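Below: a set of structures, written as structure tokens.
Below are two complexes that have chain A in common, paired first with chain B and then with chain C.
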Partner chain A sequence: MRPGRTGSVVPRGLAPIALVLPGFVLAALIILWPVLQLGQISVSEVNRFGQIRGFVGLENYAAVLADPDFLASLLRTGIWTVGIVGGAIVVGLPVAIILHQDFYGRGIARVIVMLPWAVSITMTAIVWRWAMNGESGMLNSGLRGLGVLDTNVTWLAQASTAFPMQILIGILVTVPFTVTILLGGLSSISDDLYEAARLEGASTWQSFRRITVPLMKPFLNIAVVLNTIYVFNSFPIIWATTQGGPANSTDILVTYLYKLGFQFGRLGEASALSLLMFALLLALLVLYVALISRGEADR
Partner chain B sequence: MRSGVLAAAATFALTGAASAQDLRVTVAEYSSATGPYFEDVARAFEEQHEGANVQIEVVPWDVLLQKLTTDISGGSAPDLSIIGTRWLVDFVNEGIAAPLDEYMDDAFRSRFIEVFLEPSIMDGSTYGLPIAASARAMYYNRALFDEAGLDGPPDTWSELMEDADAISALGDDIAGFGLQGNQIETDVYFYYAFWAYGGELVEEDGTSGLDTEAGYQAAQLYRDLITAGATQPGVTGYSREDVQNLFKQGRVGMMITAPFLSNQIAEEAPDLDYGVAAIPAGPDGDRGTYGVTDSIIMFEGAQDKDVAWDFLDFLFQTEQRAEFTQNEGFLPVNQEVAEMPAFTDNADLAEFTALLPDARFAPVIPGWEEIAAITSNALQRVYLGDQEPKAALDAAASEINAILEN
Partner chain C sequence: MSRKLRRSLWCWLALSPLVVLTLFPFAVMIVTALKPATEVLSPTWWPSRLAWENFVTMWAATNFGPALLNSLYVGVASTLLALVVSIPFAYALDRFRFRGQGALRQFLLVTQMLSPIVVVIGLFRIAAALGMVDTVNSITVIYGAFAIAFTVWMLQSYFATIPRDLEEAAWLEGASRGQALVRVFLPLAVPAIAVTAIFAFINAWNEFVIALTMLRSQDSYTLPIQIFSLVAGRYTIEWHHVMAASLLATIPVAVIFAWLQRYLVKGLGLGAVK
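This part shows the complex of A and B:
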């Protein structure tokens, strides 16, 4: 082949395919193959050790959809995901803005905010479980010391106290990652813009509304999408604190899935449920991305 | 060159397979002593059996069934494994557990205390050997009983209720009856009263016994204890370990649990003045304790069943059994071990052994874990006050009947 000519080993039309192919093969191995396996199990009669015994069509799906615990867990998963993803943004944005300012000790402050990220979520959840113990927990003794409580609260004994606490723990462990993304976004905004705004007499609030928020949008979107994927399927916090109890009242879909599959041995239904969850999450994200891109096209 | 490497690799793989004296054993982690104990046994066995190579894998209880499920479906099951005997029916129905009768002679059989070997026998074949056994009895705090002016542990549930009230009145931080309301065995804690009121988990007609007078009365009893303030507050937040911790701190008058609490008290709260008594009886004198055994099973797919059996034979010799039973605080399953002074002189254990004639084991039903979960959920609703005993148990019974019909 002579240099300077536009040409390649493969014909022009096939080039994109050739470039996509290695990535596709890798994704297929890691994602598609297990999904196909799940698909097969979900339409089969399976014994509790995962050995397939026959074809049952959509029976497993029907059984999952008819289960009242499924609907309750679905609703709770919605609250869980919106609560944590929203909470992490609400807490993370101010924290990121503060950490973006130049102040003495900023390096240490950044490390402290990021530290929870370095600890395994399961460990964090177990420590919180101890802290929320009704009789010997730090939380009760702290709140009593401050005079907020007169009597001990058994935080994990009922969903009305357990589930909000679990969401708070979820926010706590999601904030470091969110702050990291948002800090990246903030440092990409040129200082010149703020300087220009100040010269024009804009207040701090106006700079925030008109410069920071619009320019941060892509980063907020990334944080929302990645956190949603992660939180929707997050297992350790709920499992380590209440195991979805009492009486399934703090189950989200993924803990319910675990019970179906590994405690009750109903692997067929568990496979069906996990495919439903996969489809649901995919649909939500496609919808979200579509909404964003339409919003951008409108501008 | 390349084919040479391949040939070498193939030879290596072949020799690897040929030295198939590898024995993979999965054991449940009962305490921090379990792993080291089995490692020692494995090394001692290897010394006697040339070429044997025993690999011990220690797995926490919570994930044992999940791990075995994954291993079996992936075709990499171990040769021997400890399982909860209540899971055995699933392993037998699916042809995963191997029958052991061809290896067992009468001398071997007679090593065991009959009642513990029985749960591992199905359709006339023995599929597992009882590696661990326990029963339940009532622990009571003598100091609190004295302080409340009571002379001894209650013998019936109505006496228990009065005693629990009296002890609870001693202080805000003290509860008369420690009631478990969370996590594994929440249902079992209810069966103690349920059996005393004459209940049966599965009735003769093959349906659940929860929706009977015995069920309603037992659930109402626990509910009354909670509303009277005779239990620790927030029972649905307390697992068995949590209640045991309260007992060790001297803040609970009575609780029902397994013999291993004695070991824990000796280690963590040696000054605690406590006693062990029978589980209280119901109005008609009925009484029941929960007997539990864990079995060690051999897999049908075991590489070398003879070596696997030799290891089991070695494991169930008196010396090995005595050390294990003492380490973990279980009841002896070997006759000879039970007759050793360390066990006959132990007053706590004597109480447990005396209850064995009343011991009931988890029914041999596929799907027992799910039935237990349904029962626990119903009880938690009763304990929380979300549902009346009758409504909760009737709903649970109809769910359970659907499983029992299959």
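This part shows the complex of A and C:
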């Protein structure tokens, strides 16, 4: 609680409730009501038009968990999430530190780094899909021009090249948000601390290890938590480049879910999968937060 | 001075791989959009001439105008909806202490975690029951609701920087709490509200999966769906049209964003560690 709060004349009672109520009701209606629907559908037999035919218990859940496509997508979602979230931090932290320096053209550099955020991820993915075209794509011609490639690669024709490229695109569109959070953190560290360290004879590296890293921890954690939520649920990059193909070999859970629900019409299983995904994400985040707080307690 | 120059060179050198990768798709988009139709399939960087007519033919061939109007409508209406409910929400979270406040913050975090894709089947079922599938209003309400967590978070972090003294002074001079709110607090909050509104608008402008699910006919398509429909499941793709449409849909948002991104650093940074 901040000072000056407790003593002020705050009328207790209904005012704050009335203020938050409209937003709460809207959010609950649009976000929690569908969750209840999912719960109902997931334990029912449903036809492809969504009509409920009867109670089947956990059959839909069992069917999802036994599906080899689910297990393959789950594994790929792990690689996808860790690759993009990790990659965005590995790229984002040095970039944020550079953008925090005072140098010529910093304003322009910041705008360029942030730019992918302003573009719909769908359109970014469509542009990359065109750039990765085997015969006519600019990526092949660019890499050939640099002498990296001798022959054209059909990037999206097999998962071994398509999926790493999709992760690369994922990192590129995740960097702006990550850098934004980290820049906010860097600018919250007072210059006095560095000045004091310098007067005490600390090197730049020591200042970085002893001041920047510990004070940046909460911001790094926030970036990891929020990015994990976004990336785990990210749909357009894969959908607009390969639609999970060829032969489901680039499906992650969200694209597999979409196919299950809206292409195969297996709504019961798709609802079960939705809830399983939410539970998985929640469990991961609770685990991560627990690890962070234990790390804090140990120090 | 020469020290700063040298530092600048190092900084730009270190950033250059990311800068190249970031600008690459923009370059591809611009070059392809301006190539004459006959040269689109050859992967050269310089077109023989700038084919500005691509934008005109694209407009006619791709249903761009109606999709643009739909996107504008959805973006503006959903942003207004989110703001109308989020401003009092954020004000209450920042200026009051009440039971359930912690639970409300948890609730916002959970709504943030439930991304639209996870609940899309439930949403579709509800929209179908209400007869709202294939209407822009359905996605407007959905975008508005999903924006609440973000707008409350942004607004609250700004509201916390507005000194309470000003409002308290107004109370002492006999203004009611409501009057102080409208006359003193809200004018100070206008810049914060504007910035938050623009980010909510951009999110709605760019959203994909809900629109893909709910919108079934071309009349109701928003821009991302319209452009996606030009490349999905087609044997021949008119890439110069696709890129011209993407460019036209991107530029206004990118310009506004470039202008406003520094406010984001402040707002998100402050909100993040609360």
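List of remarks:
Here is the rule we use: the second predicted complex is superposed on the first by the 270 of 299 C-alpha atoms of A that agree within 3 Å, B and C clash if a C-alpha of one lies under 4 Å from a C-alpha of the other, contacts with A are read in each partner's own complex, and residues count from 1 in each chain.
In this section, a residue touches a chain if its C-beta (ideal position, glycine included) is under 8 Å from a C-beta of that chain, and two chains touch if they have at least 3 such contacts.
Model, not experiment: these values are computed from the prediction.
Of the two partner chains placed by superposition, A:Tyr194 touches none, neither chain B nor chain C. Of the two partner chains placed by superposition, chain B and chain C are both touched by A:Phe262.
Contacts of A:Ile222 after superposition on the shared chain: chain C is touched, whereas chain B is not.
Once the two complexes are laid over each other on the shared chain, residue contacts for A:Phe208 go to neither chain B nor chain C. In the superposed model, A:Val20 lies in contact with chain C only, and not with chain B.
In the superposed model, A:Ala247 makes contact with chain B only, not with chain C. In the superposition on chain A, A:Tyr288 makes contact with neither chain B nor chain C. In the superposition on chain A, A:Ala157 makes contact with chain B only, while chain C stays out of contact range.
By the touch criterion defined above, A:Gly50 reaches both chain B and chain C. Of the two partners, chain B and chain C, it is C that touches more residues of chain A.
Shared interface residues of chain A (contacting chain B in one complex, chain C in the other): 50, 135-136, 243, 262, 267. Of all residues in chain C, those touching chain A in their complex are 4-5, 7-8, 11-12, 14-15, 18-19, 21-29, 31-32, 40-45, 81, 84-86, 88-89, 91-93, 95-98, 101, 104, 107-108, 111-115, 117-126, 128, 141-142, 144-146, 148-149, 152, 164, 168, 171, 177, 202, 205-206, 208-209, 212-213, 223-224, 227-228, 231-232, 239, 242-243, 246, 249-250, 253-254, 256-258, 261-262, 264-266, 268-270, 272-273. Those residues of chain A that touch chain C in the shared complex are 1, 4-5, 8-12, 15-20, 22-24, 26-31, 33-38, 41, 50, 91, 94-95, 98, 101-106, 109-124, 126-131, 135-142, 172, 175, 180-181, 183-185, 187-188, 218-219, 222, 226, 229-230, 233, 235-236, 239-240, 243, 254, 257-258, 261-262, 267, 270-271, 274, 277-278, 281-282, 285. Of all the residues in chain B, the ones that touch chain A in their complex are 65-66, 69-70, 72-74, 90, 94, 96, 173, 181-183, 232-238, 242, 245-246, 251, 367, 369-370, 373, 376-378, 380-381, 383-384, 386.
On the chain A side of its complex with chain B, the touching residues are 47-51, 133-136, 152-158, 242-243, 245-248, 259, 262-267.
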